[in-house]
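Here's the structure we're looking at; comments come further down.
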Amino acid sequence: MTINHYIFLSVALFCIGIIGVLTRRNMIVIFMCVELMLNAVNLLLVAFSKMHFLSASAFDAASKAGTDAQLFVFFVMVVAAAEVSVGLAIIVMMYRNTHSVDVNFLNRLKH
Amino acid sequence: MNPNDVFITFPELLIWFPLLSGLVAFFLTKGDTAKRWAVISSFITVAIVAVSFFFTDKNYFHYNNVSYVWMPSIGSSFALMYDGMGRMLCLLTALAFPLAFLTTYNTNYAKPNHFYGLMLLSQTGLMGVFCAMDALVFYFFWELAIIPIYFLASLWGGERRIQVTFKFFVYTFVASLLLMVGIIYVYLHTPDHSFALSSFLKAALSPGQEKFVFWLFFAAFAVKMPLFPFHTWQPDAYEQAAAPVTMILSGVMVKMGVFALIRWLIPVFPHATGVFTPIVIGLAVTGMVYASLIAWVQDDLKRLVAYSSIVHVGLMCAAIFARNQSGVEGVMLQMFNHGINIIGLWIVVELIESHFGTRKISRLGGIAASTPVLTIFLVIIALANIALPLTNAFVGEFLMFNGVFQYGKWTAAIALITIILSAVYTLNMVQKVFYGNTNALTASGEGMVKRSAAVALTVVVILILLLGIYPKLLLDLTKDTVNEFISRVAGML
Amino acid sequence: MVQLFDFISIGTLNIPFAFQVDQLSAIFMLIITGVGFLIHVYSTSYMHEEASDQYARYFSFLNLFVFSMLLLVLGANYLIMFIGWEGVGLCSYLLIGYWYKNKDFSTAGRKAFVMNRIGDFGFLLAVFWMIQHFGSLNFGDVLGKAAGMPLNDKVLVGITLLLFLGAVGKSAQIPLYTWLPDAMAGPTPVSALIHAATMVTAGIYMIARSNILYTLAPVTQGVVAAIGLATAIFAASIALKQNDIKKVLAYSTVSQLGYMFLGLGVGAYTGAVFHVMTHAFFKALLFLGAGSVIHAMHHEQDIRKMGGLKKQLPVTHWTFLVACLAIAGIPPLSGFFSKDEILSATFSVNKIYWVIGVLGAVLTAFYMFRLYATTFLGKFRGTEEQERHLHESPRAMTVPLVVLAILSAVAGFIGIPAVLGGTHQLENFLSPVFAGSVALQHAAHPDHTTEYLLMGISAGLSVLVLLYAITRFSKKPDMDSPGGLGKLLENKWYVDELYDMIVVKPLHRVSVLLNNVAEKMGIDGVVNGVGKFVSYGSRQLRLLQNGQVGVYILIMVAALLILFIIQLFVL
Amino acid sequence: MSSIILSALWGVVMMFSGIFLKKKSLAKYIALLGIAALLTVNFLEYYNIWYIYADIRQMLKFTSFGQVFNAIVFACTLLFFLLNASEFEAMGPDVYEYYALIFFVLCGVGIAVSFNTLLMLFIGIEIITIPLYILAGSEKRNLRSNEASIKYFLMGVFSTGIMLMGIAFLYGATGTFYIDSMNLGVESLRPMILIGIVLLMVAMSFKVSAAPFHFWVPDVYDGAPTAVTSFMATIVKVASFVAFLHLFDTAFGKMHADWQLLIALITAATLFIGNITAVFQQSVKRMLAYSSVAHAGFMMFALWSLNTFAREGLILYAAAYSLATIGSFAVLAKMKDYSLEGFNGLGKTQPLLALTNTIFLLSLTGIPLTAGFFAKYFMLMGAVKSGTHLWLVIFAVLMAAVSAYYYFRVIQAMYFKEGNAQVTPVSPVFRITLCVTAALIILLGMFPGLLLKGLYY
Amino acid sequence: MGITQLLFWLLTTLTLGSALMVIFSKNPVYSILWLIITFFAISGHYVLLNAQFLAIVNIIVYAGAIMVLFLFVVMLMNLNMPSSPLKNKWLMFAGVISGGSLLLVLVAALKDTEAMRNGILMQTGDIGLIHNLGKVLFKDYILPFEISSVLFLSAMIGAVVIGKKA
């Protein structure tokens, strides 16, 4: 498998996430689509990590190249978790006040 | 003279004194105190300028030049110079304020402390502009002069004052910002990366760059003067602002633009000036005829004076761009004289308006019968406005027209048409307002000229006659500036 | 030559405030101060009805006028001359509009000033041109440098034409003459002094002063002569049908000025100056006489309402008659000599001009005696009220009349031409001033026989016409308004209306148009339009902010897309 | 480093004091103490008197630029606290928590201005934004506040996704997250690098509210409690800008020519939309929101020119803009009516507020003698110096003139219009702080060197 | 085509398919379930790439904790009916178009990148093992690790502040 396969896969996944964000009205689903985008990034990072490991290990068998990307993914997950906790709290707060999770419902602030 | 012996220099004094007294005036809330304070302060300023005339010699260099390090990192210093032209314009600035204050001494403005405070602050800005030798300092004062005027014109004046002043402000602000870009551009091309005028003069600009930056500078100055067709703010602003503000606006502030052409535009962009001279002079001359014609059909005294001011300024601009000794000397004279004359006209207009409550020419008439004193003053000032010999404006206009003539015969011929038109509209106004029989409105002219206003008018008339008969006073004062200017731009045509 | 102080001194250009007295200015000074004195005396009485402050105003203006006029003739350079030039214009303006409460009067003053300004336009351009070309304005420098220039040099023609435009304005020639008849709105002594004797001759003075320039520019001379002649005959034709006593005199002044210009145009500088002098005497006399009549008639100026004043106003009558004879060119009164000098010079240049000139002289005789006959002869046609109050004017008014009458009668003797056995003292006196021109001209004087003939023709015709006019108008003045050509003449060829129609009104309309369209819609419109456009843009642009997160993100994605395309494929 | 640690710690301190101290009014004193401590620590570190050293593997790099900027941030926050203490108390019961969140944001700011790896950038930005999601929604019962919070959140996480994608591509092309050692020269990987740069540019533009990624700004600024808006619009925004500049300068500076045009386009769009849209606003708060967008346009010049002037200018701009905006938001917060009419006659009823507000607005317009002037001046100077595309500079000044239009409408309302502007009671401390803020603006307007000198210590 | 390739294509299909199902499911609950499947598929990819630690974390954190949280919220709000109506037509259309073009643009830009035709060493290398990652995380990445605690702290405070009844 070449890196291109992974790139295209990630990009596709990323764009599916974007399309989801653009087409759905349910806030929770939109949020999920964003998570999809983040996962696309994670996948890409891991693939790149292996790619760089491959090219580095050709010179140095004990190379640690690529570790950083995997740790980056780890931190992305950390942040994502934090975001989810805050985001869901906000959505719940909104739901409490309006009984809706429809983004189109948010239109008091405009112009 | 050792620089260390100098305690304070004239330009500094002229800038800081009005500033301080202006700030003090804000706190004089009780009754007439602010008014009195302002009058006294303005007289002291006149005195300072008067004293400064005894220190013109080269030996007193350190009394007239200042340079403090301000922002060394970008090469700007707080540099001021008090040369002949600056001295003359400072004198005009100094004189304009007491005249304005005296004229309206019997008018009670709401919140006098703010009014007089702001007036004095605008004086600071004007003085700064005329003395600045550093582009950044110049720009600073250029803008600072406008801010107090903005408030003054918006707070005290006619019904439409707010939007009119706003238009004026935004319009000049746009132009100033372009100037700022221009200044930056030139600055970046100076050999030593400095804002000093001397470095600007050495800026290494290619002809193409010059042509471009020229317009950035020119726009700002043209709007301020104002040159046709950038004048749209002016009649409205003059019409709506309170009398003292209008006096300052037209008497002094207009000179900022003219002054800047001489000091900052042409010497810095000699090449572009050469290229664009026909366009600028064309605009100026067109504007002169255009404004004359429009002045003819105005029914509002203030608008009429406003358009006549456009005519005069157009001539100054044309004469400057003609770039010969005669023209520029004429401009020097005329900068001062136009200031005096137009202030005189405003005084008359203000007296009429405050007494009769209208400025409509069609509603006035026959004032000569009820107020002969005012008529005498007015006729003299009106004659000065149309540059009759032995009034101050004549020599200036003569020299300027001569300068334009040396540039181009036909140009001068077209420009000269305005001396006919100016007679038409000025005398038309004099006739309609002052002659004829009094009507119900104007019959009550008794006592409309208060003593303070009479003093102001007398000063104006004395200056008109003095400088009309002996213009050498100003010619000698500004000779060095003109010679330097001419030697710098000569051969660039 | 006296130099007071440096007036303007910049670079190489030096214009001092300097005076110069020579023969030419001396003559003018004499006229100004002499006639001026008489008129002051006359005025003390004529104006005694005015309130004291107005009286003071009158005299201050009058003296300011004398000051300016002296400045004009004494100035040692064109600029000082111009100062006086403008100064007299100003005084004329002030004095015409002296009774400022009358709108028409002040309008007349304004008109005079504006017309003069049109002249100044030319004068100033000429001055600038002189500065450019000669580098100086001193008469000595300019005339001296000009003397070395070739004939009909473009610069000279240009300068002289422009100077002549100034003279046309000041001396009321076609096409700028219309202000002078209107100027009669001023008090009569003013008309006498300014609009007859002195100020209007400033143009002649100026051209005489620069005679060398004109001599070197024959093209201009042709123009001057043609315009002078046209004015002479044109104004005379109008004078034929005027019924206002002062209007008749005014048109006659215009006409006489035309003669002077004719003289200048044909190179008879001395003749022109001579005519200035004689004209000053008899025209001042005529005006003062008219003033006396008007005074007696209680400000009635229409000659149709006068008549038969001979008895009540004897002094006025006799002096008026002398003046009429003088202006009609009846020998040996002064007008004969001066006019004849001009005409004979004209004859030697152009015969047709001479014929027209004589025709003008004849017309002069006709309308002057029409005026004389209608006013003084026949029966009184005014109201009884007026008749009861008819009286001779006081001494202060009659004495100047008498003095002027004497002068009118005898002034001609200082210029008796050689052909009549005289030495022409005036010519000798003025010869230093005109020496340059005379040297250049080599004018072929007509021989003596021709001269006698010419004199005879003009004088004879004048006498005939004079007698006809007296007989006709003393009996039956033309009371009813004429038709056809007469009507055209009565209405001054409708020139004022024509000017109004082709210059003033269109210009005014253009101004209104500029004010309403170019100014308000064009220039204001553009600036305000920018403002409106911004606020319109603002209103539209904020609709983009529609509150929908979906749309916001969509725009973001679209922008991202565009940035990608630009970055990856365009650049 | 020490200020990052201290701000995080002080957040915890605030949190715990919230548990032990019940009185709301004490919170501000503790917060002020914290800010004072932060300022002190920052100064000590700046002058190398006392600092914490830890082996952080070059993940953060501390420069004088960052420290000067931190000082500005802390000073502004100090003023912000002084001016908005009562607003915080009015916002809800959890005052201590709000302060704690703000300290966490400050910690994030510290990271975002001194990061040296993309990871720290990412974490820094997230630490800044996550508390803001909450602060924006802190008026829980207020639907506008809720809406602001939700909108901010949804768009914020979306932009996070974009940013991460950019980071991933850059990593793929260069094999490192360290911005000072990125090898951008591999020609065959150019598309990946460019994609990464564009994605990062978009994400950062979103954070700094540059058009057309600004859409959250008006709504969120409008809906959030005024004090929070004030904080977001100033400190957070300029910190994002510094991060933006730092990233693009250090990491992609070598490829400046490649992405300069995109920045130019974004700048132009930002200036245009921000200024033009602000003209028609009737609510001053919303107008200030748009003006904040407009100012982003000016600050973008720093990225466009990427020279010394740009960096100096950004520092000045950060200070000038933050001071003025904090000030005018503080005045706004005291108004009973946020609409333009609500300001009518303020000059008469509250001369001091009106005067200081005028100074703030003049500074925002960029009138000389105020700090705003030199801020703009340096930005334009940098831009002109970079040579090409002078049209953008001209366009910018024209837009600055438009900005005069809407700022001066407020001045007009305050001074020239008849009216009786109502304000909530203001404390003496508030007045004094306003005056200090205005004085600082004028001081910087006369002597910008005071601040710039710090950069070259 | 070896087993690895086969697995890759299988997982890819699953990933993309279930991702599409996420956005096309009317019912949010189904979306969540499909998302969980996507996460599992991605974890499969991680395993293929020998990043076992991330695979595990992905399943535990994402599929386990986060998605359960989502599910929980959805159930709590009683949104488990296919109620969510779609946005208006043209907006959806525009969304799909722009998302699709984005994909197109990216693919077009990247497809020619020669140097990226490298194979990836699958199921080799031990950098993805917890023992390796842990060492690096706690030595080199101590700072971000500590800092993320601040992040969590603020998220926690936020969740509490927002979540508790006012």
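Letters A, B, C, D and E mark the chains in the order given here, with residues in each chain numbered from 1 onward.
What we mean here is this: a residue touches a chain if its C-beta (ideal position, glycine included) is under 8 Å from a C-beta of that chain, and two chains touch if they have at least 3 such contacts.
The shown structure was predicted, so the numbers you read here are calculated from the model rather than taken from an experiment.
Undergrad: Just to be sure I understand the contacts, which chains border both chain C and chain A?
TA: D, E
Undergrad: Work out which chains are contact partners of both chain A and chain B.
TA: C, D
Undergrad: Name whichever of A-E and A-D has more C-beta pairs touching across its two chains.
TA: Answer to which pair has more contacts is A-E.
Undergrad: Point out which chain occupies the most central position, where each centre is the mean of Cα atoms.
TA: B
Undergrad: Farthest chain from chain C, going by the mean of C-alpha atoms per chain?
TA: Relative to chain C, the chain whose C-alpha centre sits farthest away is E.
Undergrad: Based only on mean CA positions, could you tell me how far chain C sits from chain E in angstrom?
TA: 102
Undergrad: So the centre of each chain is just the mean of its C-alpha atoms; given that, what is the distance between chain D and chain E in Å?
TA: The separation of the two C-alpha centroids amounts to 32 Å.
Undergrad: State, to the nearest whole Å, the distance from the C-alpha centre of chain B to the C-alpha centre of chain E.
TA: Centre separation, chain B to chain E: 71 Å.
Undergrad: Averaging over Cα atoms per chain, report the distance between chain B and chain C in Å.
TA: So the centroids are 38 Å from each other.
Undergrad: Two or more other chains in contact with one residue: find those residues in chain D.
TA: 119, 123, 126, 130, 133-134, 137, 140-141, 150-151, 154, 158, 162, 191, 194-195, 218-219, 405
Undergrad: Among the residues of chain B, which ones contact at least 2 other chains?
TA: Residues 170 of chain B touch two or more partner chains.
Undergrad: Mind pulling the residue numbers of chain A that touch at least two other chains?
TA: In chain A, residues 3, 7, 17-18, 21-22, 25, 31, 51, 55, 65, 68, 71, 75, 79, 82-83, 86, 90-91, 93, 103-104, 106, 108-110 touch at least two other chains, as defined above.
Undergrad: Following the definition at the start, I'd like every touching pair of chains, please.
TA: The list of touching pairs comes to A-C, A-D, A-E, B-C, B-D, C-D, C-E, D-E.
Undergrad: Within their complex, state which residues of chain C touch chain B.
TA: 5-11, 13, 53, 79, 82-83, 85-87, 90, 93-94, 97, 100-103, 106-107, 109-110, 113-114, 117-118, 120-121, 124-125, 127-129, 131-132, 507-508, 510-512, 514-515, 518-519, 522-524, 526-528, 531
Undergrad: Which of the residues in chain A come into contact with chain D in the complex?
TA: Those in contact with chain D are residues 3, 7, 10, 14, 17, 21, 27, 30-31, 34, 37-38, 40-41, 44-45, 48, 51-52, 55-56, 65, 68-69, 71-72, 75-76, 79, 82-83, 86-87, 90-91, 93-94, 97-98, 103, 106, 108-110.
Undergrad: In the complex of these two chains, what residues of chain D are touching chain B?
TA: Its residues touching chain B are 312, 362, 365-369, 373, 377, 380-381, 384-385, 390, 393-394, 397-398, 400-401, 404-405, 408, 412, 415-417, 447-449, 452-453.
Undergrad: Tell me, which parts of chain C touch chain A in their complex?
TA: Chain C reaches chain A through residues 542-543, 545-550, 553-554, 557.
Undergrad: Report the residues of chain E in contact with chain D in the complex, numbered from low to high.
TA: So the residues of chain E in touch with chain D come to 106, 109-110, 112-116, 140-144, 147-148, 150-151, 153-155, 157-158, 160-162, 166.
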